[in-house]
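Across the two complexes that follow, chain A remains constant while its partner is chain B and subsequently chain C.
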Partner chain A sequence: MAGGAPISQNDPRLAWPLALVFLVLFVAPLAMLLALSLQGPQGGALGVGQYARFLGDLFSLGVLGGTLWLGVKVTLLCLLLGYPLAWLYVRAPAGLRGPMMLVILLPLLTSVVVRTFAWIVILGRQGIVNETLMGLGLTATPLKLLYTDGGLVVALAQVQMPLMVLPLINSLFRVDPNLADASAILGAGAWRGFFRVLLPLTLPGIIAGCLLTYAGAITAFITQSLVGGGQMLFMPGYLYQQASTLQDWPFAAAIAMIFLVAVLAVVSVFNTLGRLSRGYAQA
Partner chain B sequence: MAVRQQRGWEAYSFQAVMVVLAVLALVLLVAPTLVVLVVSMTSSYSLRFPPPGYSLKWYVALLDAWQLHFAAWNSLQVAFWTTLLSVVLGVAASLGIARSATLTSRVLDSLFMSPLVLPALAFGLASLMFFTAVGLPVSATTLVLGHTVVCVPYVVRNTVAALAQMDPTLMEASASLGAGRWFTFRRVTLPLIRPGIIAGGFICFMASFDNVPVSLFLRDAATDMLPIRMWQDLEGRLDVTIAALSGVLIVATSALLLLMERFTGLSRRLGG
Partner chain C sequence: MNLNRRSLMTTALTLGAMRVYPGISYAQARPLVFATFTGSWEEAHKAVLVPAFRKATGNAQIVLDPMLSVDQIAKINAAKANPPIDVMLHDPGPALVAVGQGLAEPYPVEKSAYYKDLIPVAQEKMGPAPFFQVVGLTYNPETVKTPPKSWADLWNPAFKGRVGITNLNSTLGTGFLVEIARMHGGSEANVDAGFAALDKLKPNLAAVAANPGALATLFQQGQIDISPGNFNAIQILKARGVPVEFVAPKEGAIAFKTTIHIVKNAPNQELAFKLIEAALSPEVQTELMNPPYLIVPTNSKVKMAGEIAKVLAASHAEMEKKFVFQDWAKINEQRAAWIDKFNREIKF
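The block that comes next holds the complex of A and B.
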């Protein structure tokens, strides 16, 4: 026992097997991806030719911009609907919370292909939206909803919503209920109290939820390809197309690296905001 | 008087807006699942909603869909081995890094969590390049290895959280009573963190069973995986058999979810 770690601390060496697996199967492949992306078009000398090709091409830049913008739209819709849902959940009687939680959790664990398939049925020419609109006489011919930007944003918002709602619920439970009463007694109206007290106090949850939803939405290859269709190309589809169909591995590697860096940049911005907001929420 | 009335109206409008948006969110979350269940019981050959009539013939057709059986069996096997490997490696690693403030532990924790935010498709491509470079042909083994990297974070996260909630004095008490580390682990630590491990293993299994981005690159031609088979079927023609299969998956997932919620309090763990 002499000089050893306290008994409540397990042996750190237990982490070595998984660390080794990650070193070989995660870090090494990513390093190889980086190396391949720096290869010339004919396997020549090292260079940034593949990156120049991507960054000098308006089509590629459009795909990157479109992907990042898609994430913003989905995240905002998730926040707009997810925050009230989390708000209602923490105020609901205990008996209602169980069923509500099941409704929130089920989409998270249901296969993404199944969830996306549901949207094909809903948005299709003979789907529920078009049948309702035609039944009400609002439109004579079925609207094109599938393979449109709006349809994709709604479908992705549904697929990613649980990732927004869960951190928000967690965050809302931590807010001292007395604060809302205090703000009301001091004369702040409901809307003012919400925007000035509740929203700032739950900022850590909002940021955590936004991070998860955003990262999920921009990398959601299956939903993007099935609901977006062939007309709309986003970074995951672009990467897959170059790697699989065109077999252009160096360019696919460069796309993958650019996408990785973009996601990492977003993650670090959110993490920094999260640290700042936690300081603010606890002050 | 006027002020109070205004405040009452304001509170009312605020609550009305929040409740309407929340109900909209609930409908949005639930509707797709219900639509799939209803459409899967259609009697017609199209995915028209609402269906013109009801029958279970597509579920019967599912019994003969051997391509889907084959793909489902592959996916179940890969998910099983991935979960086994992830639980063994992940629980050991969690014991090593939990409750530790050293730089190594924090770096390892970030490393083990990073597959959760990185685009899985980029990792899939990188793995294919890696296995090609070291001369290992893609097979069921490479699939399990690739899946383990992207699914083990769920085990680590849930086990570390369970360990963090454990009272450390319990381990000290066990030691002071003369129990060795292994005995303390088996009789004190493990029973306390078991629900966390089971919840993590369950999410890990579901993530592997549903994985497309990594499987797309790491499977060989003989290893057809269920989500990929379904995705390709949907890209081609809209087959009602897929609706019946979706119905089966929804019912199975709901049953497992209820079971897990009952025994591990899954929803509390996912909130963190």
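The block that comes next holds the complex of A and C.
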């Protein structure tokens, strides 16, 4: 270095390159998006007309609500399936952990497009699920699984699962195994021990996992459109339709801003829960 | 050399800027950029059109940058003064948008050797149509024993829960809506009859795909047995062993012009012209008409042959009689409203 004071470990200047990247690649485009969203139709006067158009329309609000609700369903399913998986991983003998981690990470190692197509094959009329059900005589005609809400939730849950399991594993490892024994000795049953000891102590991991899964699920454009189909409309698809097919950039920008604010609201709820949980876990 | 923070930064920024804006360093020297469509189009153009272009220009540099019509428009709009694309390819709807926004250079018709040979409907002054896309009925011959004959067969109760369509985001979906509106007394100006017909189609619908490509997957998975479909896309599926057949409905298959345009302000105007000339030439069009591409030619000097002659039309005269051409200027006027209506009403 030619000049300047020596750099200490927590010198704020170390964050400058990242800050610059954020400023150029994130804040600036976002500001442009905001400016675009304030344009009237066909270059009319500036105003909040595009926002009024969205917020005053029950259909558009329904798309927003449906998207946020989809995220809730996927997150809950991920949590329900992911927690036992993370628990098993932490309890597994060291030799088994390697292969288990590979299985957990596998979804991240394949492209989301490939994973989504795999789900089309699984859920189709001649797919694995329907063939099995018919083979077992549980249903005479194939069930409609593809292009349904349930099918989409399951597919998204699988696609997003690693994002839930990894933080859970991390927080489960931090829990002292003696605590479980202690609670058992003090007379707590397995369920009581889980709800009163393990669950509170792993809340930070649960919240981090939920946040990642939620954000991933509601923005998963490819999976939503391929497994959900053309008549299920969610915010990313709505945005794409307006921006790309209709070239209505101001409205698309308004949709993007509204979606962003809605997601930030959800994130701040999670963050508040996270803060509360830290207090709870230490109490 | 004094390697301090400032000089490093300057160098890094300059290098970065050159990567982001290659125009700074070699504005005139970049290769011709042709934005074709993804998938089978890219394959066909890479295999046939690009070699023909290289031959005609003494090996001029060309880059294919495949993307959807709407993305081409967005990219050019973002840099109108120095567009990153020289030649764009469009479906009829986006073509009118691009021309309307002033993104296309008029085609130098008087300089062109082939323009006059194009069939009249392909002669577009803002960018001629080197190819057609044809939309008809697609069905699975293993499950549908009597081949369908008319669009009306989609409403046949025998196909309960077996019909696939796409939403209106695609040219195919919109063209299909207009066509069924016409069958029921509507037109490009009024598709209410088409929406009413779609409403009656609901019991038969198995899927509304997000795009025509997804329809292909649905056939492969046995999710649907019959749908409107693109002739070329079906040929590709068929060649891969998927049991699908294409049939032109008796009302006439819907034909979309695929037009090719020189981008306004593009740095490689002359090469762009040469590429389009190659695309219009009977040699390239004949080669693209043959398997595996089966792209419908627009140059009247090309003699229809093979699968196209068998399934679609034996000559250009017959083609002009049998194909249905839609008025996309009219369609574009209301397309946004239709998409909105489709979003709201087509739920099943």
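Heads up, the rule we're going with is that the second predicted complex is superposed on the first by the 262 of 283 C-alpha atoms of A that agree within 3 Å, B and C clash if a C-alpha of one lies under 4 Å from a C-alpha of the other, contacts with A are read in each partner's own complex, and residues count from 1 in each chain.
Please note the rule applied: a residue touches a chain if its C-beta (ideal position, glycine included) is under 8 Å from a C-beta of that chain, and two chains touch if they have at least 3 such contacts.
If you're wondering where the values come from, they're calculated on a predicted model, not measured in any experiment.
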Combined model on chain A: chain C and chain B, fit or clash: clash
First, second, both or neither for A:Tyr147, with chain B first and chain C second: second
Which superposed partner A:Asp181 touches (first chain B, second chain C, both, neither): neither
Which of chain B and chain C A:Met101 touches, first, second, both or neither: first
Touched partner set for A:Gln158, first chain B, second chain C, both or neither: first
Touched partner set for A:Phe26, first chain B, second chain C, both or neither: first
Which superposed partner A:Leu233 touches (first chain B, second chain C, both, neither): second
First (chain B), second (chain C), both or neither touched by A:Gln247: second
Touching partner for A:Val121 - first (chain B), second (chain C), both, neither: both
Dominant contact partner of chain A by residue count, chain C or chain B: B
Residues of chain A at both interfaces, chain B in one complex, chain C in the other: 117, 120-121, 124, 126-127, 225-226, 243-244
Touch list for chain C against partner chain A, complex: 2-6, 68, 70-71, 73-74, 97, 161, 166-169, 173, 206-211, 214, 217-218, 221-223, 335-336, 339, 343-344, 346-348
Complex contact set, residues of chain B against chain A: 6-7, 10-11, 13-15, 17-22, 24-26, 28-33, 35-36, 39, 46-50, 89-90, 92-93, 95-100, 102, 104-105, 108, 111-112, 114-115, 117-123, 125-127, 129-130, 133, 145-146, 148-149, 152, 156, 168-169, 171-172, 175, 181, 184-185, 203, 206, 209-210, 212-213, 216-217, 227, 230-231, 234-235, 238, 242-243, 246, 249-250, 253-254, 256-258, 261, 266-267, 270-272
Of all residues in chain A, those that touch chain C in their complex: 1-4, 59, 117, 120-121, 124-127, 144, 146-147, 225-226, 228-231, 233, 237-238, 241, 243-248
For the chain A and chain B complex, residues of the former touching the latter: 6-19, 21-22, 25-30, 32-33, 36, 80-85, 87-89, 100-122, 124, 126-128, 131, 154, 157-158, 161-162, 165-167, 169-170, 189-191, 194, 211, 215, 218-219, 221-222, 225-226, 235-236, 239-240, 243-244, 249, 252-253, 256-257, 259-260, 263-264, 267
